[in-house]
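My questions all concern the structure below.
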């Protein structure tokens, strides 16, 4: 007898559990959809300021940046994404000085670990939250961060941008 | 050369990255002249192809999880009609390489790629697939999946956020839209 | 008269007018030939259109169950999504597989399509929208629709792929088992209705659907038919032959392009066929809802064309099937067979006896309350 | 522990016992097996868990370090060391017959260091292809890419394993067939939707029933430990996120703790609070994903989407705090990289309320579903003894009735200050593991509730030197990651780079138990069990 009652109780609890499951999906059918519709919402999309997806070197209106070409970021980068190419020039008062020639950064290799920005002594670089970076060509991902003809900002001026926290 | 036929809903063409590549590509394709009738049919075919990209997820690590997030409710890849992930390479159009490629895996990804039916595309997702990323100096890592199979779109990030992947997929749609399917120069 | 003013939207008159017009000018042979071709073309078109609509509907409804939007970028609300998919599938390369059985590999998808097409012929889509009205329609449908399994088995066998093989074998076991229940459930209703002909069966349900007529017994048969029909179409929770997470793509792993497209379409068509048979047998087919004595109400209901009723009822059943599909996890093969042989089949056997008793002792609703139904 | 020392000296007279960070015993390689067996069978305090074993290139000699602990009290640990100076043909004795978990680890050591183990039944290379030239983790490895060029030709897999057995005191080299002649073998993986990554299970089937599983790994072996030997400690941190990317923050916490302990850096209170909260958020994130994937493996796609939906809210919090969704780069040596943002507390609290509600929905939707129960109850049984033997920790180990939560046994961060229950079930089947995860989400919510309002003001990171050098020595840390115990072992020679760095991966133990618990189950259950074990492959391959 017990096996018969077991057969039926198993049948009915089983059906009950299935109906419970269906009630959950039924409820979800009418709840508000959570989808964030990129790219339709491109104008209203908020990406957190701290989101890291592109390294930039802020330049001010005089086309000046804060990078002294010290190379600490290059040293700290774990996989060699950053290449700081510097050149020696002679300043007006006859001293030799190292200045930035090219600041090369490979977007396709960067792991966004933030070590470069953390260790930069002059706050010359920062991460931006622009995420639309896909390209067709690998070479396009190798970028030069300093603008053409830019030069080092005078130290007395305020730094352009505060360090990204 | 203008890119008039490659409109993507939501983003103006001018705001896309790397438009020069597509312009050059069109130039190259149209070097032999354009057949007007075929061109119109091509346009329809390309509309169908670009809106029905069924991906095969070649996920090896972290980026695979981001792809899962892309497919889930908050981002919903189904809006693009790409939620039909085919696990069989025969039925897939696009291989999304999401993760590091190592020496042991290289022959296998090549084999899966060869099993896919034409026309097929490859999207390299994340730093590892593009260049080897964090593990670029390792003895066992292939520095970029483009050393094994041809890559159509690179989506940088580590891992790229779902929106970045969508952007990459739209780039791929643009690329498909400028191709000439009936002409013999498709790829 | 092409138009019938009481039911202006019915197409019955159109077809009979066309028939009469052809017969008046052409010999018998040509009339038949032209009509065959017309029916064939109409069915092919319906086949494609229904499949496209179902694919779109499934993707959209699934999305809504899962708190997202589903396709919405191709055309308004993504309406053209499945069209785009078909364009792509048609143009996809068909891969030739080494060391496969070429002929069987090539033939398998056609079995799938032929089976569902042949079943289409016996379905009454509306008043007069009925290609063949057999006197053994129910039997014919059960027999022909089971041809599809050969397509699955052949696909699995000829692909030279172990995953396909396992999928096909699972499918075989599953189909054979569940065909039994589905057949018995239909037979229960045949006992009630006293006919195997679809048109008579549907006409007989004018005031009382078979679902209500045999109350308890019919309801059980209905539920069993839905479950086993669902299982026959290889859809979750019974999607073992495909079982994405286990067998990658199951029996059609090696198919690409159009051949895969056939399987893809056939899956949806089978779902439609199961729902439409259930509609015809249990829910009064294309009959509108009619209540004895309510003349005005019946008139209004009759005004809605019969094919709308048919597709409406079918759509409800398909929705039910989708709802089940997207709510539950997949069964295991032994549980699947367990469910059939331990639960459905015994219940079915008892049920058919119960139905016989109901009919013989006059306990059906039409017998109990003749004034109402 | 004094008794233990006596016991060791009684067993092996010439054992060298040192009191370092842990009790360290160095013995001759011929005596190691005996000592390990004595320690394992010690009735008073059995050292029956092999936490990890790691190959070492000590310069002159090649050797192995074993970390043993007691399954009753995980904080009682002994380090065993042994080695051989024969660099041409190094041979050591296997401990596989004592600790099953050693099997894959020894194969790993063979692939990376070239040390072969006598009596290990299966001496194939674990991560690398059999024809790989050289042993990459040796210090004198020639990294010339021409020696190991990129090969795109697929090769057949040979199911013959070499081995060295000691029979009557003599070493005999032989081979063994993994499968029988006419087995029906299917390859599940390396690219398969439900292996949770690139694992390759060669599975022999009898109809639908799994007869035997042979695990091939290394399809994502990146050599992280070797790479770490050329990087400074802050640089190494970014690898830890990419080991088990689902418990990224916890892994990072583990390495930070090891470095902080070694360099004697005091972590500020506020940083500890943030670390603990983020760890628990990370744990919930991981468990939600595990829940989602398990349901998906069982065929319930909708449940998968629901799990991912809830997870997205945690990811949003991560993104706002640290600018990363999956790989969050939060912990650094001495504290955390980013302070919490203004609305952090508000967001977390509203998530707690939301999640409690959703957990009830999960129960209604899936936990009592008759089909799901049939797919989970009594499937994949792992007994407590096996769990200990295979060192299966985390929700899976606790599902088998083994109390193995590091947060309780060796409290770190703020875990000794908060109240929470260690979730233990004794059934040992898929369902126990499944329920354990849901219950742990509840416990995590409870932990966060206690901390979220009490975050003290202060620094988020201690001042550290620009270049962190660790003193000479060996340093360990063990944390409770989402899948079990994650361990870090650093051997430092006083440089800014580690001499040898080893990560103890919880997933490796989980996978090593798979062939055992999947035997004689159906192939669908094999997938389902995989989901319930919830391993992450990059964590295994490293």
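Order of writing sets the labels: A, B, C and D. Residues in every chain begin at 1.
Criterion: a contact is a pair of C-beta atoms (placed from the backbone, for glycine too) under 8 Å apart; a residue touches a chain by one contact, two chains touch by 3 or more.
These numbers come from a predicted model, not from an experiment.
Engineer: Which chain pair is joined by more contacting C-beta pairs, B-D or A-C?
Structural biologist: B-D
Engineer: How many angstrom between the C-alpha centroids of chain D and chain C?
Structural biologist: Going by mean C-alpha positions, chain C sits 51 Å from chain D.
Engineer: Provide the C-alpha centroid distance between chain B and chain D, rounded to the nearest whole angstrom.
Structural biologist: About 34 Å, centre to centre.
Engineer: Centroid of chain A to centroid of chain B, CA atoms only: how many Å?
Structural biologist: Going by mean C-alpha positions, chain A sits 21 Å from chain B.
Engineer: Among the residues of chain D, which ones contact at least 2 other chains?
Structural biologist: 192-193, 238-239, 302, 305-306, 309, 312, 327, 366, 369, 371
Engineer: Got the chain B residues that touch at least 2 other chains?
Structural biologist: Residue numbers touching two or more other chains: 9, 72-74, 76, 79, 87, 134-135, 137, 158, 161.
Engineer: Name the residues of chain A that each touch 2 or more other chains.
Structural biologist: Residues 18, 21, 24-25, 28, 33-35, 37, 47, 51, 78, 111-112 of chain A touch two or more partner chains.
Engineer: Tell me the shape of the graph of touching chains, choosing from line, ring, star, complete and other.
Structural biologist: If you draw each chain as a dot and join those that touch, every dot ends up joined to every other.
Engineer: For the complex, give me every residue of chain C touching chain B.
Structural biologist: For this pair, the touching residues of chain C are 59, 63, 66-74, 78, 80-81, 83-89, 91-95, 244, 248-249, 252-257, 260.
Engineer: Enumerate the contact residues on chain D facing chain C in the complex.
Structural biologist: For chain D paired with chain C, touching residues are 184, 186, 192-194, 205, 208, 295-303, 305-306, 309, 366, 369, 371-372, 374-375, 522-525, 527.
Engineer: Which chain B residues qualify as touching chain A in the complex?
Structural biologist: Of all residues in chain B, those touching chain A are 8-11, 17-18, 21-22, 73-76, 79, 127, 130-137, 144, 146, 151-158, 160-164, 166-168, 170-171, 175.
Engineer: Which chain B residues qualify as touching chain C in the complex?
Structural biologist: Those in contact with chain C are residues 9, 44-45, 47-49, 51-52, 72-73, 76, 78-81, 83-84, 86-88, 90-91, 93, 115, 117-119, 181.
Engineer: Chain B touches which residues of chain D in the complex?
Structural biologist: Answer in residue numbers: 127-129, 136, 141, 143, 145, 148, 150-155, 190-193, 197-198, 218-224, 226-227, 230, 238-239, 242, 245-246, 289, 304-306, 308-309, 311-312, 315, 325-327, 537-538.
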